[in-house]
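Quick one: the structure is below, and I'll ask about it shortly.
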Amino acid sequence: MSQRVNLDLKNELFLYGAKEWNQCFQCGNCTATCHTTENDFFFPRKTVRQVLMGLKKSLQTNIDPWLCTYCGDCSTTCPRDANPAEMMMSIRRYLISVYDWTGISKLFYKSKALEIAVIFLLAIAVMILYLFFTTFPSGDNSQWIGPDGGALINKIAPWKRIHFGDWIMAGILIFLIITNVFYMWYKIILEDKSIKIGFIDYFRPVSALPKLFNPEKKYARCDEKKLTVYWILHLFLALSYATLFTIIVFFLEWFQTDSVYPIFHPQRLLGYIATVGLFVGIIYFYTNRTIKNLENSKYSHFTDWTFLILLFLTTLTGILLHFFRIYGMPQLVYITYLIHLMVLVPMLMVEVPFSKWSHMIYRPFSLYFAHLKKMAIKKQKIISDEYSQQN
Amino acid sequence: MEEKRIGVYICWCGTNIANMVDVEALSKEMQSLPNVVISKDYKYMCSDPGQDIIVNDIKEYKLNRIVVAACSPRMHEITFRKALETAGLNPYMFEMANIREHASWVHTDRNETTGKARDLIAAAIARVQWHESLEKRIAGVNPATLIIGGGISGISAALEIANAGKQVYLIEKSGTLGGIAAGIDLTYPFLNSAKQMIDHKINTVMNHPMISVYLNAEVKPEFGKKIVGLVGNFETTIKSNGEETKLNFGNVIVATGLKPFDAQKVINYGYGKLPNVVTSVDFEKILKSGVIITRDGRVPKDIAIIHCVGSRNENYNAYCSRTCCMTALKYVNQIKSALPKTNIYDIYSDMRAFGKGSEELYSITSRKNMMFLTFDHKENLPQIKQASYEDPFNLLIEFKEKFSGESIEVPADMVILMVGMEAHDDAKQIAHDVGISLCGNRFFIERHPKLDPVATTTDGVYVVGTCQSPKDIPDSVSQARAAAARVLASILVGKVEVEVTTASVNEEVCCGCQTCISVCPYTAISYSVEDKVSKVNEILCKGCGTCSSACPTGAIRSKHFTDQQILSQIEGMMSASKSKKNLIEIEET
Amino acid sequence: MEEKKSTVVYFCNKLNGTSDVIYLPEIIEYARNLSGVAMVWLPDDISLSDPEQVAKQIKKSNLQRIVIAGNNPGMYKSFFSKAMVISGYSPEDVILASFTEHGALDKADTDKAKAIIACGVYGVSFESAAIPEEYPVNPNTLVIGGGISGIQASLEIASSENFVFLVEKSGTIGGHMAMFDKTFPTLDCAACILTPKMVEVGQNSFIKLMTYSEVKEVSGIPGNYNVKILKKARRINPAACIGCGTCAEKCPVKTANEFDSDTSLRKAAYIPFPQAVPNKYLIDEKVCTYVLSGKCGVCAKVCPVPGCINLDKKDEIVEINVGNIIVAIGFKIFDASKFEQFGYGKYPNVLTSLELERLINASGPTDGKIAKRVQDKKGNWIFSPDEIYTPKSVAIIHCIGSRDENHNKYCSKVCCMYSLKLAHLLKEKLPDSQINEYYIDIRAYGKGYEEFYNRIKKEGVNIIRGRPAKVQQYGNELIVRCEDIERARIIEQKVDMVILAVGTEPCSDAPNIAKMLGITIDTNGWFNECNYIGDPVNTFTSGIAIAGVCQGPKDIPDSVAQASAAAARVLQSIAKNKIPDSVKNLTLEQIETKAKELYKVLER
Amino acid sequence: MQFQPVIVSFLCNWCSYTGADLAGTSRMKYASNIRIIRVMCSGRIEPTFVLTAFKEGADGVLICGCHPGDCHYHEGNYKCLRRFHLLQKYIQQMGIHPDRLRLEWISASEGKQFVELADEITETISKLGPARINKYMEVAKY
């Protein structure tokens, strides 16, 4: 079935931050430069081509953008300044919006205003709930301060209630993510009629799982000199983020305590390390995006910024909250906690399923799917070879 | 016949020859050969004192033939011929023995080398015996020039010559000057107005005192060949708007131009059946009219451009037409300016943006909101068909896109076919008229594809512009001027020198078998019916001598390379070794 | 018709442009005050999205003619034609006043720009209005550059029995063409077709050949230029030299041989190549021990001709008067080492196309046998005859330094064809090896080129669409990585030799020469021609023509044609002993008045 | 003494003769048995020349022209090629070994090739020994 070409897709992608690349004259330089491209999945040229020709169907079922590590070599050597690398990112954003069945992320990507508005609304909602469920430390300070000098945070904002909120939020998020991943699976695997993947095949790559879930490893193949720092920090950031996320959502009871533990207590240690991870990471990426020294930080979509900023605020308030607690300042604890939540919740609600954050889920899965596809293709090759040998 | 007095001069060339060849011995030995009056050796024959020796000896000993044994004739033959001339001897009474490049420099054994040198000199002496004085033949040149074709090439050539104050006859088949270029709206790559450029030229031509323009003109046949005469003096009769004029001229410039490929030949594209499939020629008209609308008067929402129509494909024309790619890019820009919202699909095979500023135009164009697609210009060409009724567009192009490997369909309200260039149908006739030949693609053949792209094998006839091969305007113009340069040079000199070492027919011996005519590459030999012999046109003859070796009766002799000369050269060459050889024979027996 | 104000001038370029004249407000002012101009539109005044709207404006202020002024007015013509048609006029009344077309390039040409607009407004062509006065012509001509273009131009002029001074920088004429092995598409050897012409130049009594010389200063007016030429000391008297080569034999100094594009060595006393014209030796002052340190002088001792070699000879300045000048200084090849990813200069067997030309040339460093490049004791990379081998596979990479935003944007026009030619020659020499061509677009445009391309394909050269990204060396085999676009796969090809099809670049001294002659160069560094379409050989300075690659990349036939064309212009001026002054010397008033006259004629 | 054949060779002016000159200017060395005669075009060479050469005692004859397609006069070398084939047959009937007559294409840049050719042909002909044809002819005279 022949597809119809369509100029509008390209123009639509401009909203997702694509830059000038219509001038690509298809020399294939980018694909040849690319360190991650392999014979079954070669990009960026082929993907660029799909966009230029407006082959929506092929593009939506295309897995390649997720395999790209944005080392930027293709853009620097491109003879037509078409910077394919940034385009792969734009397509990622596009694909995120494709996988998101609710269609909300599309709206977010297309209008900055809407995204910010939603963030504010959520913040206000959080505030209302907070005021409703917590108690302001009024009156005599001593009753709000514990024996070891720390503010009794659970008296102000009992972890059970926060936790309850967390669970609701986590529930929603996990539901959205899972459904989106399923949709992604549908798009990438099912709609690709060229390959067949049996039920059992899905469990074959288990051996390869650790490899799959450490996507940064692929950076190593890229030009080390300029990117090792980058991908180490990126990994560090991602891990710290994951830790804090899990702790807060699932082990808040253990994390949010009235008694102040000694500095080497795992609770505090873990918290500190993770915080440092986040902080350093954020600062690093922030400066990158401002001074644009690396190819992969030359262009920034506004969603990139919102994510960074929200994350930064969250961390900052988190840190303040911590110190106010251990140095026993209940009122400040109350307020910072409020602000902390007012930033944290929108960030999670907006970014996790609908925006930048979600690549943390999609990328590993895409690698997993790519792995499946590769196996399938290999299998087919073998079969077809046998077939050709037979006759 | 006057007695032959030969002077032999052997050059040392410093040590170059003397090292390997016993020069003194040779010069003594040569003294003994028949007819050798004087034999000398000197350090540098080529140097001025060396030449003086020759000049003086000629005067002193009344020498009438000279042999110099030195370096390659390709280096110094002309030098020594000049020396002979200064001494008042005919330059062709001279022969050179190459004992440097062919002897002293390439051999290691002194005796052998000397022996070889002896043979070569002896050969030269034997040959020079039979040399005869040849006179340079000069033909006057008529300062007028005939230019066939009033396209951009013809006009440029005409202006170039006429501005030098020389008469030009410009004959044009149609009723107006300007040819294809006059039908163009803008020129690539800088999108300048073709009209403003060409109108100025046409006006100048029409009002030029030195140019007489004949419109609706054709050359009238006159005993078979339409343009008779030889380089420097041609004549013909032309018929223009009914009346006949007789013209005399010294040079001919052929600038008959091109004809666009007939797109109907490519069935896939349905040109002629589908109203909204137009050729680039039609589209230029549309552009000039100012409004781009389909045949049914709608503003096209999608326009597709297909390249290489009739070019680069063995079924039509194997060659590339050179201009289509850039013209297409030009169209894209013009359409975008007139209809900013229209979608444009440019379907090409290789984007040939090679001229100055062309690649730049390509990248400017590609920054516009349009789509480049690639197809295979050889097999399974795109298929254009009427779109179904409910479709919002008029035509549908289906083909396999080369870069993505996808089979795709392209919507279009209008399809522009970039038709290639072809030689005119009457190219063969014209070639016959002016006595030049066609190549396989029915374009005119130039004398040398690299070093002489405007001259033809017939002296005084030049081919310029798209009748020689597909070209864009700048290339045509510079070619036209190149031809003008040749013409002007010959006019300025006022005479053309004609090859001296030509062939000539001994009419007593000629049996009229006409073998020579069949082998001559320059149609220089013709058969005269009345005296039943072949006659050589010494102005066309280049003296290759093929005819004389083909002649069964030996009637044709090619001057300065006569059988006698070469045979005696062989004998002379062998004389020495022959005697030596006989000795061996005797020893053996 | 003076009083009827019916013309509008639209300035198509944005006002915040950089170097272009039009952005000077005074020109806009000038246009506004021109008689017949009703109004002036600037880019911001009207939107180019909707012709209807513009048509309304045209009707409203009953305009009848639109003049589009700017650097690329053609880009906007169709839009205004449409507008005119809608408002009921003919598209013919849209007139382009292109500054670039007529050479108003920078602030200096402000008056010219004004004149161009004036001509547009009066509806007369610039050429017909700008008619400068004429000077008598000195029949002698100077040709700068002894490549094929220079040779051709000289011969054309000399054939009319007028004197030509042919000035060549190096020790011999012949230029790049002499270095080539064969020429596409006819595959006849460059030497066979070039050397006869070179000899002709050497022997023609109307050509004064000045090799190893440079033009230093040019002054005067069209038709009578005074030229100072620096004759560098050859240190071997060409009149006396007999070309025996003893000096070279004995000379102790070795240096890279630029004729073999530095892949072999020559002596300090040398002859550029066996068929050089003049076929005389000279001494390379840059390396000669005597010149540098005052010692040695062996050559002078061994020379068989007394007084032939004079190592103390000094450069001299020669002064000549000429009527016309033809510039044919040619090009230099792109420096391939700018591409780190292809490892030129790092890996010995990554060659430029020119080096390969020499390598496979029968008169090259290895007599046409394929050899490895090795490093000699002195550390220069050379092809040594005892390193002969048969590469199993060779890769030829197109578009090195051409069609590349990071290097040269333009297309070098010849690379595709010469790469195909090289592929053929390699196939001839190495029938069993695999030759791969990597290209973006094959540009086989000339007469017989496409046929040649098909022939090469049939010969079994794999021609792959796709631009390789890098060449890496593992052990002694090179690996070329590229995407085969048409077969949709990634290739990592093991090859023994990589050929980089380097593009052409303007000579490094082109700017100086341009300044010296008062001609202009474009953004890429090529010389500007007077009018690319109508007049591709003249420059804006009358009496100075350009020929060959120095005007823009060209193949041999085009260069030859252009050289002859340049000669035509010279002969024309000689023939009538008149040459027009440069247009740029005309004052604005002169052109204006002339334009007005013509305008009146048109009106009647 | 060891037999030294004499080889008369006809070279066309435009390619082969220039090639031979190149061999000289680049100081390549080859056997001294070749005796070169210059003609404008290989198409000029007629059977008589070859036969005379043999008659005069040449042990071999070499004809060189431009490569096919490069002929300065378009097609002279093709004409030469045709004659060559006929001539081959003819000299065999005369009792001359066909290897004694050779036709080769030498371009102006192929000095090296010319040298190799010269050595190679000299060797072959030395192997064949002296051509006695001229003796027989002299006998025939009486």
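Just so it is clear, A, B, C and D label the chains in written order, and each chain counts residues from 1 on its own.
As a convention for this text, a contact is a pair of C-beta atoms (placed from the backbone, for glycine too) under 8 Å apart; a residue touches a chain by one contact, two chains touch by 3 or more.
No experiment lies behind these values; they were computed from the predicted model shown.
By C-beta pair count, the most extensively touching chains are B-C. Greatest centre-to-centre distance from chain D is found for A, with centres as Cα means.
Every chain gets a centre from its CA atoms, and the centre nearest the mean of all protein CA atoms is that of C. For this pair, chain B with chain C, the centres built from the Cα atoms lie 23 Å apart.
If you average the CA atoms of chain A and of chain B, the two centres end up 69 Å from each other. Chain C and chain D have centres, each the mean of its CA atoms, that are 45 Å apart. Look at where the CA atoms of chain A average out and do the same for chain D: the two points lie 83 Å apart. Each of residues 186, 188, 279, 403, 405, 441, 485, 488 in chain C touches at least two other chains.
Counting partner chains per residue, chain A shows two or more touched chains at residues 25-26, 46, 80. For chain B, residues that reach two or more other chains under the stated contact definition are 74, 351, 363, 403. Screening every pair of chains for touch gives A-B, A-C, B-C, B-D, C-D. Note for the complex: chain B touches chain A at residues 343, 345, 351, 362-363, 366-374, 398, 401, 403-404, 406-411. Taken together, the chain D residues at the contact with chain C in this complex read 14-15, 18, 22, 25-27, 66-67, 69-70, 107-113. Looking at the complex, you find that chain C touches chain D at residues 181, 186-192, 195-196, 245, 274-275, 279, 361-363, 367-368. Within the complex formed with chain B, the residues of chain D that make contact are 3-4, 6, 8, 17-18, 20-21, 23-25, 27-32, 34-41, 43-46, 48-49, 52-53, 56-58, 72-76, 79, 83, 115, 130, 132, 134-135. Residues of chain A touching chain C in their complex: 25-33, 37-39, 42, 45-46, 77-81.
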